[in-house]
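Have a look at these structures, which come just after this line.
In what follows, chain A forms one complex with chain B and a second complex with chain C.
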Partner chain A sequence: MQKKSSVSSLTQPGQRTAFDRFMWQFNQLLKIDAMNLVILVVVILIGWSIISESIPNPARYLPSPLAVVLSSVDMMVKGLLPSYFSDTLTRLVIGSAIGLAAGIPFGLLLGLNRTVADMFHPMMNFFQSVSGIAIFPIVVIWYGNSDMTVLVVILYTSFFPIAFNVLSGVREIPIRYVNAARTLGASRYQVMKDVLFPGAMPHIATGSRLSIGFAWRAVIAGEMLAGRQGLGWMIFTGQDTDSTAEVILGMVMIGLTWIILDHYLLRPIEADTIERWGLVQR
Partner chain B sequence: MNAVSAKLVVEGLSHHYPDEYTGESVHALEDINLELYEGELVSVVGPSGCGKSTLLNILAGLLPYKVGTASVDGNIIDGPGPDRGVVFQEHAILPWRTVAKNIGHGLEIRGILKSERDRRVQEFIDLVGLTGFEDKYPHELSGGMKQRCQVARTLCSDPVVMLMDEPFAAVDAQTRITLQEELNRIAQATQKTILFITHSVDEAAFLADRCLVFSARPGQLKEIVEINIPREKRIWADMNNDPDFITARDRILKSVREEVSVAKEE
Partner chain C sequence: MSALSAVSISIQRRFGRQRLRKILLGSIPFLVMIGVWHANTVFEWLPPVFIPSIGDVWEAIFFLQEDCAGFVPLIMLDNSCLMSTHILSSVGRVILAAIIGLPFGIAFGILAGMNRTVSKFLEPVGVFANSISGIAWIPLAIVWFGVGWVTTLFIMLNTIFWLMFFNSMLGVRSVARVYEQSVLTMGGSRWDVIRQVYLPGAMPSIITGMRMSMGFGWRALIAAEMIGGDSGLGFMIFTSAAEFKIEEVFLGVIVIAVIFMATDRYLLAPLEKWTVERWGLVWKPT
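Now for the complex of A and B:
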């Protein structure tokens, strides 16, 4: 009895403490996305600076944020950073564009026949699990340390996730939709165009985002191991020349580029597609 | 040879298929012979598992067969084709197409010009009572409206024969009665040749010119019941008192029930 009354008194309005009010206001503040991000970044930068100041030889082990900014200014002046950056981005765009352009029709074609689809499903799952870095050695054996090697690895890593996703999407399309189109006289191509492609649309969106994400990692790894240009190359040579600031700059660029690409391009496309087609397919 | 030519002819059709789980051979159909004449609505009833859906799938060209022949307008059936339209039991209209685009799909597949297509689509939208819903997506329609849309899609393609696989089984009782009366009106208006599969004896007797009763597995044509009631007289309010309807329905019911008890004993 006693306990019950004390609980109810706590939940009464007007009994909030100053601390509750403060927390409420603080939470309101935190709801602003940009504010969140700024606070987080400032905290990280301060922490990073403190660690950098307190260790011996920071230039070699962990240069301060300021040193990294200065190195970026230096590389901008020399024109190296824009050149490396555009190089890496070009590789990503070309590699993933070809990967998607090949992977989407491939997944659809495999999905045309249920038996073929069921047969290929585990195999495609196998290939998509062998990540970009794991197939590197064999591609280097084939093509040496060349731009070709980097391109092949990007193609591989972007092709399989999208093809696998499209195949899974096609397998989930109810067979009655295919039969309905066939009894209206649809050819195999028409079944693909009018049933399989629109039916697999949400999977195509998700698969594309996955593919480009994997391709991005593959580009960096490829440039590190077999390239002569780009952000990956910049990180790798930075290590050789003890330019730790350049190494960190490269890492920051990689992360920032992906966040911008994902947040402002890929994610909205995926969300729109899934929302629209999810509604349509309900 | 009949004076009126048969649109759909099935001769000596037998079919076995492997059971999905046990792999054992199931004897679904045995020596089926039937003819559908122009403008005729024939219903097929029988106990569950009597092979009536198997028959429809074979006629639709979705299921290959080895024994016997089936032909439409003299052309042997060896795959799906626009000469046979199918109305499926479950909603098989494409969710990403609007009502109008679903109904015009068959014409689109055949490359009919958009102006001609739009005209014909509107004609069938009006016929099935979907006027005003042209631009809706299937998820915005009720179950009954989805089936109207399927019927319109099939008719819009102008097949020689319309095959219907228990099309009203999944809708509520009130809607079903309305849809049955609508189909009767549509059959009268279009004079389409229709094969109508159902497990409902009332439905079979209400709609059919001839009702084929199938035996328990293996499905054989057991009995043909003729129902000579003019289409304009087929309204549920009157049919329930129509002696011809009652006689036909009771005969079909008796025949099906014998088969159900046979199926149970096995």
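Now for the complex of A and C:
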């Protein structure tokens, strides 16, 4: 009941008490996401520092936030951090760009014919479920510990989810749209351009995000396993050389990069695409 | 001839014409792939060091199980029964992580989702934890727990927990407040609200999270076993690759794929479908 009265008083400015006004301002403050984030980060940093102060040998098990910041400054000065970061990002961009560029047309082509689509659907599903990390040992035997190995693994992980998604998307387009276009005299190419491609657009967007997400994990794992320079390699060698601050720094970098990539680039694109091209069946 | 057509009609009746067509069509690419694979061994396009023969991969099962003394050592994960030991330790870890991680993730997610202020605070935590969960934790896990059993379990748990936490939190938050308020108005306790509103309302989201967490968790587990494990299928394929025993690598990859697909297709996907049909599409007041 108490809760209810305070809620109603918020909507009627005349009857507010000082406490209500304070609570209202406080609530307004909480609504700002940036404020939330700042409070959250401060709380986490304080908790982290307390834990790190109270355990024996923090440099090995859990370095304090300050140590992580210092190590990042150190790596910035040496120029290692930017170079690792750009290496990882380059790999991701090249690998997923080739994967997407090959996967989208492949999925569309398979989807052109219902029989062919039904034929390849289980196989694409199979390869989509075999994670790129699992085929890593095979690729290592083929190419050794080289950049090629990492690239092949990324290509594999980004190609199959997108191709599978595009194929599923094309299969879900109601057959009467294709028939309608064909009846009006559209060629195979026109059907693909005007019916299948726009119809599969939401699936293409979702599949791309999925692909890039898997590729990102594959980049990190590939760098660790194949020993190529990058963020994954940085956290792996950090563990080997007992510099845990570098490991945590790398983890934070990996997390932040993915958040920025996912929330500010991929998700908006996906949402816009679904809004523009989705709901084909009105 | 008539007998043959009668048999084919009865088969079609038994399985359904469309399903039969899909199964038959879907098996063609696999058969072609196996055919090309076999042709490769016969004509030696690529040397057997790169692609082993099908026979070798089949033989590898028995080679790995060679010293197995019977059922008891097989269950005890004895090192003499390598194949079954690796499979059982991977699957056991998945089951253990699911038993611990799923209830904890769901419980904490619902608790966090109940209070909207708290959940708004915790949402960034979920986003951040999900974006570094899995592989990126492996080096730190090795520092904390050393190479072995605990590290792999930790990675799997970490992946499962955060996905479940995040999904059930969002699920609870998506339930319309009217239901909660109506249960409270009719004199229901907090526990009634959880049991009758939050849990069913968040169910589709929870089950989707379960399926996702199994997918991501299985991938993370394989990577964790490769880098920081001492048993399991990931460990098996990684060490076999280091010894250039490619037939064992192929065997391991196929087993990993089959286990994952079987779990996803015959356990999680039907569960998801059933839940969405049963609990999903809750009427939303405008």
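To be clear about the criterion, the second predicted complex is superposed on the first by the 249 of 282 C-alpha atoms of A that agree within 3 Å, B and C clash if a C-alpha of one lies under 4 Å from a C-alpha of the other, contacts with A are read in each partner's own complex, and residues count from 1 in each chain.
Just so it is clear, contacts are C-beta pairs under 8 Å (C-beta built on N, C-alpha and C of every residue); 3 or more make two chains touch, one makes a residue touch a chain.
Predicted model only: the values in this text are computed from it and were never measured.
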item: Clash or fit (per the criteria above) of chain B with chain C on chain A; value: fit
item: Touching partner for A:137 - first (chain B), second (chain C), both, neither; value: second
item: First (chain B), second (chain C), both or neither touched by A:199; value: first
item: Touched partner set for A:78, first chain B, second chain C, both or neither; value: neither
item: Chain B versus chain C as contact partner of A:188, first or second or both or neither; value: neither
item: Chain C versus chain B, contacts on chain A by residue; value: C
item: Contacts of A:267 with chain B and chain C, given as first, second, both or neither; value: neither
item: Three-chain overlay, closest Cα atoms of chain B and chain C, distance in Å; value: 6
item: Residues of chain B touching chain A in the complex; value: 60-62, 80-82, 84-86, 88, 90, 92-96, 105-106, 109-110, 137, 139, 153, 157
item: Residue ranges of chain C touching chain A (in the complex, touch as defined); value: 21-22, 25-30, 33, 49-50, 117, 120-121, 124-125, 127-128, 131-132, 134-140, 142-144, 218-219, 222-223, 226-227, 234, 237-238, 240-241, 244, 246, 249-250, 252-253, 256-257, 260-261, 264
item: Chain A residues touching chain C - in the complex, by the definition given at the top; value: 30, 36-37, 39-40, 44, 60-61, 115, 118-123, 125-126, 129-131, 133-138, 140-142, 217, 220-221, 224-225, 232, 235-236, 238-239, 244, 247-248, 250-252, 254-255, 258-259, 262-263
item: In the complex, chain A residues that touch chain B; value: 174, 176-177, 179-187, 190, 194-195, 198-199, 201, 277, 279-282
